[in-house]
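Structure first, commentary second.
Labels run A, B, C, D, E and F following the written order; every chain starts at residue 1.
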C-alpha cells in the first residue's frame, strides 16, 4: 500500500498542477475579496476564515475527478480492482485519497497562515483556521472520492463530480468555519464544532472509501 | 398595501407554466417512445424476454 | 440465483414491468380524471376563500405554495424508498420509479421556491434570505438536479442505478432538516401550522381549500409519476431492442 | 490445480454473448480463445478475471496453491491497456506493481532482461515503442507470481523474435505448473493448447489447436 | 472548423451530463458561500461580484488542463496538427477554446443574474458583473490553453511553465472585479478597468492561440 | 504522382535511429516497413506525416493532384491510437473527421458498410471491441480522400476475415493511383510491395517483399 501512496504522490508532483492550482485559488481570493469588502480591514479579518475555507473547498475539487479516471484510462484500475482479495478495495481508495490530499491539499493548508496574514486575521484566528483546514479537508477529499468513483464510468466526469459532492460537503464547511470563528469570537464555542468536524472526517474515512469501492466494483466493464 | 394581486397572479401563472411544461414533456416523451416501439416492432425486432413473458401470461 | 427468483417470483410477477404497463393503462384515465376534478374544486374554493387579515390577498399563494412544498418532500421520500428497493431487493421497477420521479420532484421544488419567493417579497420585503428553511429547500433542489444529471449522464441505466440509489439515500438527511428547520433555528419562515402535534392552528376557511388543493396536487403527482414510469419502461425496451437489432445485423454482416 | 468453468454465460449491456460454456484446465495446460472480432473473447477473459459480472455459471480453482484460493487473486491479467504510467520510468512502474502485487518472483532487472529491455528500464514509459511497451507489460507477469495468466492479444505489436521469446516465457510458466488463457488472432507458438472458438453468434466450441496457415 | 466546435461542445455536454450540470455547478458554488460567510445579506451583496468571479475562475479551470491532453491520449491531436495545412493550427486552438468556454463558462455567465439575486446584489451590480464575466472569462480560457498546450508538450517540465502562465489569470480577475465594483460604488471607475479587460481578452485572443499552437507543434512526438 | 524521400535521417530524443534512407514510390505502389521493435518504423511514419522533425533529408511529392502539394496535406495517418472519442457514436466520430478533413469521398454509411460495421454506427465508440474499433478507424481513411495512406500496424487486433477485407481496401486504393506506406509485423496481403527493412541498429535496406512463413 505504501507503494501505491508513493506512486500516486510521485505522479501528483511530477505531472499535475494540482498543488499549484490550489495556491492559485488562494491568491485569487486574496486579490479579489478586498475589492468587495473595501478598505475595511476589520471586516476583511472577520470573513477571512470563511474565505480560506471556501478557497480550500474549491481547490480540493480540482483534479479530484481524475482520481480514478486516470487509472481507468491506462488500465491500472482493472488491476487495482482485481487485487481486492489481497487489499480491501476500500483501503486502496483510502490510500489514493491520502495521496491526492497530500499533493494537492496539504500545500494549501501549509500556505494558509501566510494568507491569513494578508487577510489581516488575528493570530488566533489564523491558527484555528489552519487547524480546522488540516482536520476538515480530508473529509472533502473522501466525499469527493465517492463522486469520482461514481463518475468513473463517464469518460469525462469533471463537473458532474463537483455537482454531486458539493451539497454533501456543506456540513464540513459549516462546522469548519464555525470552529474557526469559535476560537476568536467569545460567545461562539470552538471545541464543540471542532469535535464534530473530527467526527465527520472520521465518519467519511470509513464510509467514503467503502462507498467508493462499491461504486468502482460495479463500474468495471 | 393589502392588495398584492400582481404577486398572486405571478405565482399562479408561474405554476401553470411549469406544470403545463412538465405535462407536455411527459406526453411528448410518451409519444416518442410509443412510436419507436412500434417502428421496431414493424421491423420485426423482438425482445428476448418477450417470448418468455408471453408464455407465462 | 434461480432459487431466489422462484421464491420472489410471486412478487416480481405482481410488479413486473409488463404487468405495470397494463395496470397503468387501466388506471391512468381514471386517475387523471379525478385529479382534474379535485384540482378544479380546489381552485374554485381558493378563490372563494376570504383574505387573511394579516397577509391580505397574498394568502392565496399559500394554497399552491404549501402543497408544492409538501410534495417536494414527499417526492424525495418516495425516491428514497425506491432507492431502498433498488439496493435491497434489486427490483427493476424501483429504479424506474426513482428515475421517473426526479424531474417531477424538481419541478415541484422549483415551484415551491418560486411561489415562496413571490410570497416573500411582499411579506418579508426580500426575494430571498439564506435562512435554514429556504436554504435547505434550495439544497433539496440541487439534489434533485444532481440526481437527474447522474441518471442522464450514463446511457446504460444499469451503470448508474446503484450509485443514484446511494446518492438519493444520503441526501435524505435533508428532508428532516427541511421539516424541522423552523423549529431548530429561528427563521423568518412560518412554523408548521397544519401538520403539527396538537392539531392545525389555521382558520378552517383557509384550511379546507388548502387541503383540497393539497390532495389535488398529490393526485397530479401520482398521475404524472405513473406516466413517467411507463415512459421510462418503454424507453428501456426501445434501447434494448435497438441493441439487439444492431447485433443481429452485424452477425449477418460478418457471416 | 484445476481451473474449472461450468455453464458460464456472459454478456454486455444486458445482452448475452455466449452461454453454456464449459472448460477445465489443469496446471501446465493452456487455452486459446479465438473467434472473429466482437465475438466476446475479451468479455470472457474479463469475466474470468472477476472484472465483469457473469450472467450465469461458476468458475472455481480446485486444489489451488495456498493464497490463491480465490480465482481473482490467482490471476495475472494482461489486457489491451498496459496499466503503466507514462511519466514514470519502466523500472518505477514495474517496481510499483511488484510491491503492490506482492509474492515477488524474479527481480525487476531480471524480468527486463528476459523481455530484452535490459538497458531501457530507466526511460519513462512514454518513450518506448509499441512493441517495447507490450514487452514491459509482459515483464509485469514475471515479477510477481500468479498461477493463472489471462492474456488478451498478448503479442499484438510484437516482432517475430519477441513473439518467440514470449512463447518461451509462456512455456516456462506452463512447465512450472501454471495455466495460460489467451485470447488471440495469431498463433502463439504453444505446443498443444486447447482451443475455444467463439462463433460471434453465441456458439462456442472447444477443440485442440492445429497449426493454421 | 464548425465541425470541430460542434464535436467539442458535444463532448463537453455529453460527458458532463449536459448544460444542466454547468448551471447546477454554479448554483452549488454560490450556495456554498452563504454557509461559509453567514447569512448576512449586506455582506453577501458586497462580496457577490468577487464570489461570482471566483466561481467563474474555478469553472474555467475545471477540465481546462485536459483541453489538449484528451485529444493527445486518443490520437486526435496528431490529426489536428497534421491538418495545419488546411486550417492554421492557431485557429484550431481558438475553436477548441471557444467550445470549452461555451460549455463550461457560458452557463455561468447566463446564470449569473439569477445567482446575483440569491446573493442579494443590486441590479446594477448584477448587470455589471454579468457583462464583465462575458468579456473577461474568455481571456482566462485562452491563457489556460497556453498552459494546457505547454503541459502536453512537456509532460514533466509542464509544472514549471504553468507556474508562470496560470498566475496571469489574476490580472484578468482583478480588472474584472474592479470593473464590476466600479459600476456600483461611486468613487471607483467602471470604464477604465472594463476597457483594460477588453484589451486583455483581445490580446490573448491573438497571442494565446499562437503560443499554444507553437507549443503543440513542437510537442508532437 | 511520386513520393520521394532522399537521404532521410530521423531519431528520437537526440539519438539517430536511421539515416541515409532513400525511397521513391509512384502511384499504385506500396511500401512495407518492417523490422524489430524499436527499430524506428513508427518514427519514420511520423516523420513522413510531418509530426516529427526530420534530422536530415527531404520528402516531397512530385506531380501531386491539386490541393495535395504539401506532403502532410496529402496523407492519411492511421497510428496506434484510433483518434476517436469514446463517448461519441461511431457515426458522429466519422462524420466529424469527414467534415474536418474535407474532400469527402464516400459517405459514412457506405464506409461503415465496407468495414462490416454497417449496423453498429449508432453505438458509442467505447462499446466496440478492439477489432471493431480498429475497423472504425479504417473507415476514416475511406470517407475523405487522400492520395497517401500512412498506416502503423493497421491490422493489429483484426480477425482473419477483416484482415483480408482490409487488404482489399488497400488494393482498391492502390488501383486508384494511391500510395500506401505501412509499418507492420504481419504480412498485409498486398501483391508486390516494396519492403524497407529497418535493422534496429541504423541499418536500412530495401527489397521486394517475399511471402514469409
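Following the convention adopted for this analysis, contacts are C-beta pairs under 8 Å (C-beta built on N, C-alpha and C of every residue); 3 or more make two chains touch, one makes a residue touch a chain.
According to UniProt, the chain labels map to these proteins: A, E = Heme exporter protein B; B = Heme exporter protein D; C = Heme exporter protein C; D, F = Heme exporter protein A.
Note that the coordinates shown come from a computational prediction; the quantities given were computed from them, not determined experimentally.
K.L.:
Provide the labels of all chains in contact with chain A and in contact with chain B.
P.N.:
C
K.L.:
Can you give me the shortest step count from chain B to chain D, moving only between touching chains?
P.N.:
Minimum number of steps from chain B to chain D: 2.
K.L.:
Report the chain whose mean Cα position is at the greatest distance from that of chain A.
P.N.:
Following the centroid criterion, the farthest chain would be F.
K.L.:
For the interfaces B-C and C-E, which has the higher count of C-beta pairs in contact?
P.N.:
B-C
K.L.:
Rounded to the nearest whole Å, what is the centre-to-centre distance of chain C and chain F, using the mean of the C-alpha atoms as each centre?
P.N.:
Distance between chain centres: 56 Å.
K.L.:
Rounded to the nearest whole Å, what is the centre-to-centre distance of chain C and chain D, using the mean of the C-alpha atoms as each centre?
P.N.:
Taking the average C-alpha coordinate of chain C and of chain D, the gap between them is 49 Å.
K.L.:
Between chain A and chain C, what is the gap in Å from one C-alpha centre to the other?
P.N.:
The separation of the two C-alpha centroids amounts to 33 Å.
K.L.:
On chain D, where are the residues touching two or more other chains?
P.N.:
Touching at least two other chains: 12-13, 15, 36-38, 80, 86-87.
K.L.:
Taking each residue of chain C in turn, which ones touch at least two of the other chains?
P.N.:
139, 142, 145-146, 149-150, 153, 240, 242, 244-245, 250, 254
K.L.:
At least two other chains touched by the same residue of chain B: list those residues.
P.N.:
48
K.L.:
Once bound in the complex, which stretches of chain E touch chain C?
P.N.:
15-18, 20-21, 24, 27-28, 31, 34-35, 39, 41, 44, 117-118, 120
K.L.:
Hey, which residues of chain D end up touching chain C in the complex?
P.N.:
Checking each residue of chain D against chain C gives 13-15, 36-38, 56, 200-201.
K.L.:
Show which residues of chain A lie in contact with chain D when the two form their complex.
P.N.:
2-4, 6-7, 10-11, 14-15, 73-76, 78-79, 81-86, 220-221
K.L.:
Which of the residues in chain D end up touching chain A in this complex?
P.N.:
12, 46, 49-52, 70, 72-73, 75, 77, 79-88, 92, 95-97, 99-102
K.L.:
Enumerate the contact residues on chain C facing chain B in the complex.
P.N.:
13, 16, 18, 51, 56-58, 60-61, 64-65, 68, 103-104, 107, 110-111, 114-115, 118-119, 121-122, 220, 224, 227-228, 230-231, 234-235, 237-238, 240-242, 244-245
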